[in-house]
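There are structures below to look over.
What follows is chain A paired twice: with chain B in the first complex and chain C in the second.
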Partner chain A sequence: MSWIRGKDVPVGIVFICGLIVTVAYFINVPAVVGVSEAIQTWAVVIAGFAIGLGVVNMVVFHSDSIRKRASGQWPYSVVFLVIFVAQTVSGFFDLAALKNPVYVWLYSNIFSPLAEAMYAILGFFIVSAAYRAMRVRNIETAFVLVSGLLVMLTNAPIGAAIWEGFPILGKWILDVPTTAGNRAIFIGTGIGTILLGLRILLGYERGYIGG
Partner chain B sequence: MSILVPGRITGLVVMAIIVVLGIWALERAKRGKVRAVRELAGMAGLRIAAGRCAEMGRPFFHTTGHGGGGLYTARGPQHMAGIAILGYIARLCAKLGVKAVSLTAFPELIPVTEDTIRMAYLGEGKADQVKPDMVRFLSSYALAFKQGYIGQLTREKAGAASLCGAIWPSDALHMSEPGVIIGAMQIGGAIDTDTLSMLALTCDYVFLGEELYAAGAFASENPTQLSVMFASDIVKIGLVLLMIFGFILSSAGVKIAQLFTI
Partner chain C sequence: MGTESKKPRSVWERLEHMDPRISYWLLIFVIVVPFLRPLGLPISISKETQSFYNTLDALRPGSVVLFDISSGPAAYGEIGPGSIAMMEYVTVVYPGRHEGGRLRIAIVSGGEAEGAIMYEAYARPRLEKAGFQYGADYAWFGFIAGGETMVARLADSIPSLLRNDFFGTTIDKLPVMKGVSNYKDVSVVIVWDSVDATAWYVRHWGAKGVRVGTVCVAVEIPAYITFYRSGEVFGIIGSSRGGAELELLVGKPGVGVATTDTLSTSHLLVIILIIVVHIGLLARKYLPSTGKR
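Entry: the complex of A and B
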């Protein structure tokens, strides 16, 4: 079968599956729709198997980091592996309800506070990013500053208290120029998505099999 | 019962037109009729970023983001586009002796990114430089993924970072602001306009919307693939004409919008 090259098989599978799923979106033929749904279910199942791959990847990375005493990283790798094992093992007890006290304690006292801390950090990041955005360096950044101020004055109650026209101006900025720009990007993205799909189905774009 | 699903016929017609034009452009390019395409600024940005990493002796980080779904979801095309950009980054890094690191939120992306990096280094004759820690799975949970990304980016002091793919607006700022703090050059790319506004604040170069998908064609350095940009431009000109036509007819009282709901 020398006429079939190494990457022709996956490209052929992608072409057939992609064509069926695309056609099934537009037609009312139960047989085709059924096959399309089966293909999509397989995709979910195959991706589910990959979680094992993820666990191996994480354990190998952090074990190597500890073994090599990777600068700045290895203490975190120790913490990761300890909590990873504790959380996994405790999760096996009372598996259905996930009510094991160790599991719940780890989740409530380590996982949740760390997750919530991320949202808190976002507030500071927005301020520093907004400061950079609002610096007037040329005519474009001047537009950003003026538009940003008007929209802020629209959303903050003080804007309308200062002048009734601020909410009208801010709403116009959001409804007209912003919406027009957004729609232009949406249209371009839609066309780009279809053409990327075409390149993938025809085998020009092979990034998913290593190029 | 109609064979075609009601309400999706216009979409089918538009998609068919785009596909036919795309195939025509590809066939035209195969016959040697290739149109010159202006390179995206982001592609030059990737080359500058890789050079910067080589000068500083620092790694080049890449992620396709979390974005709420992996390869098999509606976010798949964005991850695919991000992986195509990773292939280009990995080739640049292999040429310059830079370590390319891909951080992923979805385990199904691990073999894909591993293959992409390995093939890129192999193509440049640097297979010996491929290391297991170049592809790292962090977490499928968005906040944990972002924490892992920020931690590793700052601890390893990446010289450059590419956030191209399925990036959420809050992820965009969470993940790119630490890059600004450590002085990394950053290239972003997304299709969501909310995300793009965040990336524009923190990144040196941004692939805007459709450019994210086009970047894959540029990354391939294959004139045939680039020819689909020509098809895209023709469709856009057609849509602009359609909008003008629709504006005139709607102003004249013709209910043209109903035609597009079939």
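Entry: the complex of A and C
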């Protein structure tokens, strides 16, 4: 039964599922389309289970961290588990969990401000990174710098207040060179995705099952 | 090496290698001041925002709008103004301009589990306040896992994934979902997006002819302008600036307009810092007494 523990079975499952979904996309054969739709629905269900698995993994990891008194880590693990239990229990108490006052209080007064603060800190890093990284060293960096400045002056109303031409130039950069560059990236990504998909279907790429 | 680090720096070197903490304090200053003394700079309406508004306004009453909340509170600073203005338009302005007719709204959260909280905080209160009836005018289906696969499946068969709403009511008992079976029955999709979910809908709904609009964070704008230029995205409410524009179109200036002055001052600060650093860079390079390296 060693073949069950090997990687040929999952690779075979991936090949069959991938082939069915791909064929159903291009050829409208009701039987194949039906199977393809069932596979996609399973994928959604499995994704739901994956979230549950992630939760279990987090709990196990942090429980271990506390049990082993991991240096510099375990106090944060305690905080995680306390918040995790409080949030989960308060959510389960009320079927319309989002209206449970404890749940809403925890979310509104702990998670939400922390999440917004983390995001807001980015602004400070962007400012310091902008003036340290955007330096003219050659003609290419000059283009990047000038384009960046023009787009900034387009996005901020003060650009138009300084000179009405700034938004016109900035919009042109977004509409023409940026769009052209993005399309090239999208096409390249698309071709790369097709090739990666083929490699996965044919079993050459096995990173998703541990190499 | 140690000797070199102890050598006093010239003014130009100090300019070129400015302590980041100075920029942090300056940033706090230029953010706070406009709140105390607003500049009131005029805000022009971009064609992406105008198109977003016009497309929604052209929908006939009773049209089905699939509304995906794929963002959490972290991105509220960017998405909040546009989200609130959009809800104001859907719940108040649209019925006012269409003889009381309403859009039918199906709400899911496809890219972000925290969308549930965003729904509770910013969508449901405004729908209820405007007298929208749950089940008849709108329905909430909660977070559905699966990302892009879910979006693809939803296009083909809405009842197969949205069998029950968030509260367990089966879809056939929700009048708002009557006759809605797949992408053909949905007029437009709107995504509150901080996780690239708009691109999922462009690939699986836009490719089938459904128009997609987005309220997105700033870093997503360049990619979505590409979709806008090709006609796959009908409008973009980009970050707080786009939100401010929509607030003006809707006729209810709010937090977006209030924060647009800080957008101006903070961007101006970055530009000034870049210029200052380059003065130091050029001076050190071309002035002989500044210790060219």
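In this text, the second predicted complex is superposed on the first by the 192 of 211 C-alpha atoms of A that agree within 3 Å, B and C clash if a C-alpha of one lies under 4 Å from a C-alpha of the other, contacts with A are read in each partner's own complex, and residues count from 1 in each chain.
Operating definition for what follows: contacts are C-beta pairs under 8 Å (C-beta built on N, C-alpha and C of every residue); 3 or more make two chains touch, one makes a residue touch a chain.
Just so it is clear, the model here is predicted, and its values are computed rather than measured.
Enquirer: Could you look at A:G54 and tell me whether it touches chain B, chain C, both or neither (first, second, both, neither)?
Expert: First partner only.
Enquirer: Determine, under the contact definition given at the top, whether A:L174 touches first (chain B), second (chain C), both, or neither.
Expert: Second partner only, chain C.
Enquirer: After the superposition on A, what does A:I139 contact: first (chain B), second (chain C), both or neither?
Expert: Touch status of A:I139: no partner.
Enquirer: Name the contact category of A:A120: first (chain B only), second (chain C only), both, or neither.
Expert: A:A120 sits against chain C, while chain B stays out of touch.
Enquirer: Tell me which partner A:A31 touches in the superposition: chain B (first), chain C (second), both or neither.
Expert: A:A31 contacts neither chain B nor chain C.
Enquirer: Identify the partner contact of A:M152: answer first if only chain B is touched, second if only chain C is, both if each is, neither if none is.
Expert: The answer is second: A:M152 touches chain C but not chain B.
Enquirer: Name the contact category of A:A161: first (chain B only), second (chain C only), both, or neither.
Expert: In the superposition, A:A161 contacts chain C only.
Enquirer: Return the residues of chain A at which the contacts from chain B and from chain C coincide.
Expert: Chain A residues touching both partners: 40, 43-44, 47, 50-51, 111, 115, 118, 126, 128, 130, 132, 182, 186.
Enquirer: Can you name the residues of chain A that touch chain C in the complex?
Expert: Residues of chain A touching chain C: 37, 40-41, 43-44, 47-48, 50-51, 95-96, 98-99, 104, 107, 111-112, 115-116, 118-120, 123-124, 126-128, 130-132, 134-136, 145, 149, 152-153, 155-161, 167, 171, 174-175, 178-179, 182-183, 186.
Enquirer: Where on chain A is chain B touching in the complex?
Expert: Against chain B, the touching part of chain A is residues 25-29, 40, 43-44, 46-47, 50-54, 57-58, 60-61, 64-65, 72-73, 76, 111, 114-115, 118, 121-122, 125-126, 128-130, 132-133, 181-182, 185-189, 191-200, 202, 204-205, 207-211.
Enquirer: Okay, in this complex, where on chain C does chain A touch?
Expert: Residues 18, 20, 23-24, 27, 39, 41-44, 46, 72-77, 113, 116-117, 119-120, 144-147, 149-150, 152-153, 156-157, 160-161, 167-168, 218, 221-223, 225-226, 229, 239, 241, 260-261, 263-271, 273-274, 276-278, 281 of chain C touch chain A in their complex.
Enquirer: So in the complex, the part of chain B that touches chain A is made up of which residues?
Expert: By the definition above, chain B touches chain A via 1-5, 8-9, 11-12, 15, 18-19, 22-23, 26, 70-72, 77, 80-81, 83-84, 86-87, 106-108, 110-112, 115-116, 118-120, 123, 132-133, 135-138, 140-141, 143-144, 146-147, 151-152, 155-156, 170, 173-174, 177, 180, 191, 193, 196, 198, 200-202, 208-214, 216-217, 220, 222, 224-225, 228, 231-232, 235-236, 239.
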